[in-house]
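In the two complexes that follow, chain A is the common piece, with chain B as its partner first and chain C second.
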Partner chain A sequence: MTRFLTLLNKEITELMRNGKLIWLPVVLMIIGISQPLTSYYMPQILDMAGNLPEGASITIPTPTGEEVLSGALSQYGTIGTLLFALATMNVIAQERQNGSITLVMVRPVNEWQYLGSKTVAQLALLLLSLILSYCLTWYYTNLLFTPVDWKVMLSSLVMYCFWVLFVVCVTIFVGTIIRQSSAIAGVSLLFLALISLLTTLLPKFMEWSPGNIRGEATKLLVEQQWTESAWTVIGSTATLSLLLFLAGVMVMKRYRRY
Partner chain B sequence: MLVNIDNLSKQFKEKRAVSNLSFSINEGSCIALLGPNGAGKTTTLQMLARLLTPDSGAIQFKGYAEKDYRPLIGFLPQHPSFFNWMTAKEFLTFAGKLSSIPNAQLQARVQETLTFVSLEEAMNKRIGGFSGGMKQRLGLAQALLHKPKLLILDEPVSALDPKGRRDFLYLIEELKQDMTVLFSTHILHDAEQICDEVLILQDGCLKWKGSLPSLRKEFDLLPIKVQTEEPMNGVIEQLEIIEDYEYIDAKTVKVRLPEHVHHNELLQELINRNISVTHFEIMQDSLEDAYMKVVRQ
Partner chain C sequence: MDVLNDINWALVAPLLILQAILAISALVSCIKQKETNGPKWMWILLILFVNLFGAILYFVIGRKNS
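Right after this comes the complex of A and B.
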C-alpha cells in the first residue's frame, strides 16, 4: 500500500508540475460554459452573422435550464471525450518510450500498484476538471435560464462521472498494449465510438452499454428520476472498468520487456 | 555463493541473444562481463534485473526463497532515464520509498548516497538540467540506495569522459567492499583495474570465465618485450627465471616470467650478462590479445 501511495503521490506531483492540473480544468470549463452562453446569445449571434434576407424573422424558443445542461453533457460527450483520451494516452507510453519505467520496475513494485496509481491520478484529474466545469456551467445556466435544482444537477453529474471512469479505463488498458501514444488515443476513441454506435443501432441488446450514460444523465435532468436502467448502466460500466483494469494488469504481468 | 544462473536463454525475433548461459556469482566478488557489441551482455543483465523475462532458465539467489528477488539487487541501465521534472533528492526519496527504506532512515540514507556520488550540491536541481555524467552518478546512487546485495551496472563508464570514467571506477572500487558488483563493459582496461573475475560472452554464449591473470596464462601470453644491442641467442635460453619466450628477431624477444618473479630480476640478469638493453616494455595490450584470442576461437 505504501508503494501505491508513493507512486500516486509521484503521479499527482507530476500533474501539478507539468501544468495538466491547470490547463485541463480550464479547457473543460470553457467548453462547459460555452453551452449556456451560446444558447443565450444565439439570436444575437445569428443577427451578427448576417446573410439573412431583410425582414426574415426567426423565433428561437428559450431552452429550459435542464435542456442547456444536457447540451453541455453532449459537449462533454464529444470534445470532452476526445480531451480525456488525449490527456490519458501518454501516461504509460511515455514512460515506456523514454525508459523511465525501468527505474521503477527494477524495484519491488507490483503491476497493479503501477497501473492503479496511473488510473487513480488520471481519474482524479479528469473528475476534478469535470466537476469544476459542470458546476460553473450550472451556475451560468441558473443566471441566464430557468434555475435547475442542485440535487438534479448533482445526480446527473454523478451519472456522467461513470463515463469518465470508463474512458480512463479503456485508454489505460489500450496504453498497456500499444507503445505509440497517438495510436493509443486512436484505438481508444474508435472503441468508444463503436460502443456508442452499437448502442444507438441495437438499443434492445445494448441496454447495459456505457454508451447509454449520457442518455441516462439527460433523463435524470429532464425527467428527474432514477430509473432501474440507470442502475443497470452504472453497474455494468463499473464492472467493465474493473475488468479492463484487471486485464491491463494481466497484460503488464506478461510483458517480456518494459 | 550469492547467485546461481542456470541455463539462461533468450530469443529475439530472429536472433538468439543469449543461449544456455550458466554461471554463478560469489558473494563479495567483482565481476566484469566482457564481449563485443551484440554479444548479449545487456540482455543478460536485464534478465538478471528481471526487466526481461528469459525464455528458459533460472536465476536463484542463495537462501532467498521468494521468487521476486528485486529487493536484493540494484540496477543501473546503460542509459538511465529519470523523471526530468524531479530533483535529484526527490527522485532518490521516491526510489527509496519504493524499496521500503524505513522513513526514519530515508533522509539520512539519501543524503549519504548523494554525498557518496558527489551530487550534494546539485541535489535540489531538476534532473532535466543534469549533464550525462551527473545522470550516470545519480543512476549509481539510485542503484545502491537500498544497499542491495548485488549491484548490476550496464556499461557504467562507456558514456563518460576520461575524468568522469576515472571517478566512476573509483566509486565502484569503493563499493566493492560492501556489495557484490557485476558490470558489463567493452573496455578491457577498466575491467583489469577493478574486477577479480571476468566472463567473456560471444554471440550469447559464455566463452571464458575466470580471473584475469589466469586468462593471460591460459592464452600463453608473453607480456614482456626486450630489445638489446647484441643478439640474445643463447642468453635467453640460459635464464632459469624465464617461463617461456619467443624471438621476434635476433635482438628482440617476448618473454613471460613466473608469477613470483619480478620483472626487475630479468633486467638485472641481462645487465649482469653485459647485454645492453635498449628497450624493455611491459605490454599493456597483452590482455587485449588474450581477449581477441577468446573471441576469435
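Right after this comes the complex of A and C.
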C-alpha cells in the first residue's frame, strides 16, 4: 500500500510538472461555460455573423436549463473525449520511450501498483476537471436560463463520470500494448467511436453499452428520474473498465522488456 | 457597435480570464522549456494567435519531455 501511495505521489508530481493540472481543468471549464453563453447570446451572434436579408426574423425558442446542460454534456462527449484521450495517451508511452519504466520496475513494485497508480492519478485529474467544469456550467445555466435542481445536476454528473472512467481505462489499456503515443490516442478514440456508432446502429443489442451513458445522463436531466437502464449501463461500464484494467495488468506481466 | 454594449461583460469576463490563464501558463511553460518539438518561436506565435487550440496543442505535442 505504501508503495502504491509513493507511486501515486510520483504521478501527481508528474501531472504538476507537465502542466496537465492547469490546462485540462481550464480548457474543460472554457468548453463548459461557452455552452450556456453561446445559447444565451445566440440571437446577437446570428445578428452579427449571418447576412440575413432585411426584415428576416428568426425566433429561437429559449432553451430550458436542462437542455443547456445536456448540450454541455454533448460537448464533453466530443471535444471532451478527445481531450481526455490526448491527456491520458502518453502516461505509459513516455516512460517506455525514455526508459524510466525500467528504473521503476526493477524496484519491488508490481504491475498492479504501477498501473493502478497511473489510472488513479489520471482519473482523479479528469474527474476533478469535469466536476469543476460542470458545476460552473450549472451555475451559469441557473443564472441565464431556468434553474436546474442540484440533485438532478449531481446525478447526471455522476452518470457522466462513468464515461470518463471508461475512457481512461481504454486509453491506459491501449497504452500497455502500443508504444507510440499518437497511435495510442488514435486507437482508443477509434475504439470509443466504434462503440458509440454500434450503440446508435444496434440499439436493441447494445443496451449495456457505455456509449449509452450520455443518453442516459440526458434522460436523467430531462425526465429527472433514475431508470432501470441507467443501472444496467453503469454496471456494465464499471465491469468493462475493471476488465480492461485487469487485461492491462496481464499484458504488462508478459513484457519481456519494457 | 451597440451589439458590444449589449453584452453583459460580467458574464463573459470569466471566459476571458480562463483563456488568459491558459495562454499565460502555456507561454511561461514554453519559454522555460529548454527545447520544444519544433521551433520555439512558432509555438509562441501559435499560443498567442490561435485561440484555445494553440495552447492545447502546445501542451499535448509541443513539449519535449526529457
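Here is the rule we use: the second predicted complex is superposed on the first by the 257 of 258 C-alpha atoms of A that agree within 3 Å, B and C clash if a C-alpha of one lies under 4 Å from a C-alpha of the other, contacts with A are read in each partner's own complex, and residues count from 1 in each chain.
We take it that a contact is a pair of C-beta atoms (placed from the backbone, for glycine too) under 8 Å apart; a residue touches a chain by one contact, two chains touch by 3 or more.
Keep in mind the model is a prediction, meaning the values are calculated, not measured.
Partners chain B and chain C fit side by side in the overlay (superposition on chain A). Of the two partner chains placed by superposition, only chain C is touched by A:Tyr41; chain B is not.
Seen from the Cα centre of chain A, chain B and chain C lie 80° apart once the structures are superposed, a value rounded to the nearest 10. When both complexes are overlaid on chain A, the residue A:Leu86 reaches chain C alone and has no touch with chain B. Of the two partner chains placed around the shared chain by superposition, chain C is the only one that A:Val26 touches, whereas chain B remains out of contact.
In the superposition on chain A, A:Val109 contacts chain B only, with no contact to chain C. In the superposed model, A:Asn18 makes contact with both chain B and chain C. In the superposition on chain A, A:Gln94 makes contact with chain C only, not with chain B. Closest C-alpha contact of chain B with chain C, superposed model: 6 Å.
In the superposition on chain A, the residues of chain A touched by chain B in one structure and by chain C in the other are 18, 98. The touching residues of chain A, when paired with chain C in their complex, are 18-20, 22-23, 26-27, 29-30, 33-34, 37, 40-41, 44, 47-48, 83, 86-87, 94, 98, 136, 140, 143-144. Taken together, the chain A residues at the contact with chain B in this complex read 2-3, 6-7, 10, 14, 17-18, 98-100, 102-109, 255-258. Within the complex formed with chain A, the chain B residues making contact are 46, 49-53, 68, 70-71, 73, 75, 77, 79-83, 85, 94-95, 97-100, 139, 142, 146. Remark: chain C residues 3, 6-7, 11-12, 14-15, 18-19, 21-22, 25-26, 29, 52, 55-56, 59-60, 63, 65-66 touch chain A in the complex.
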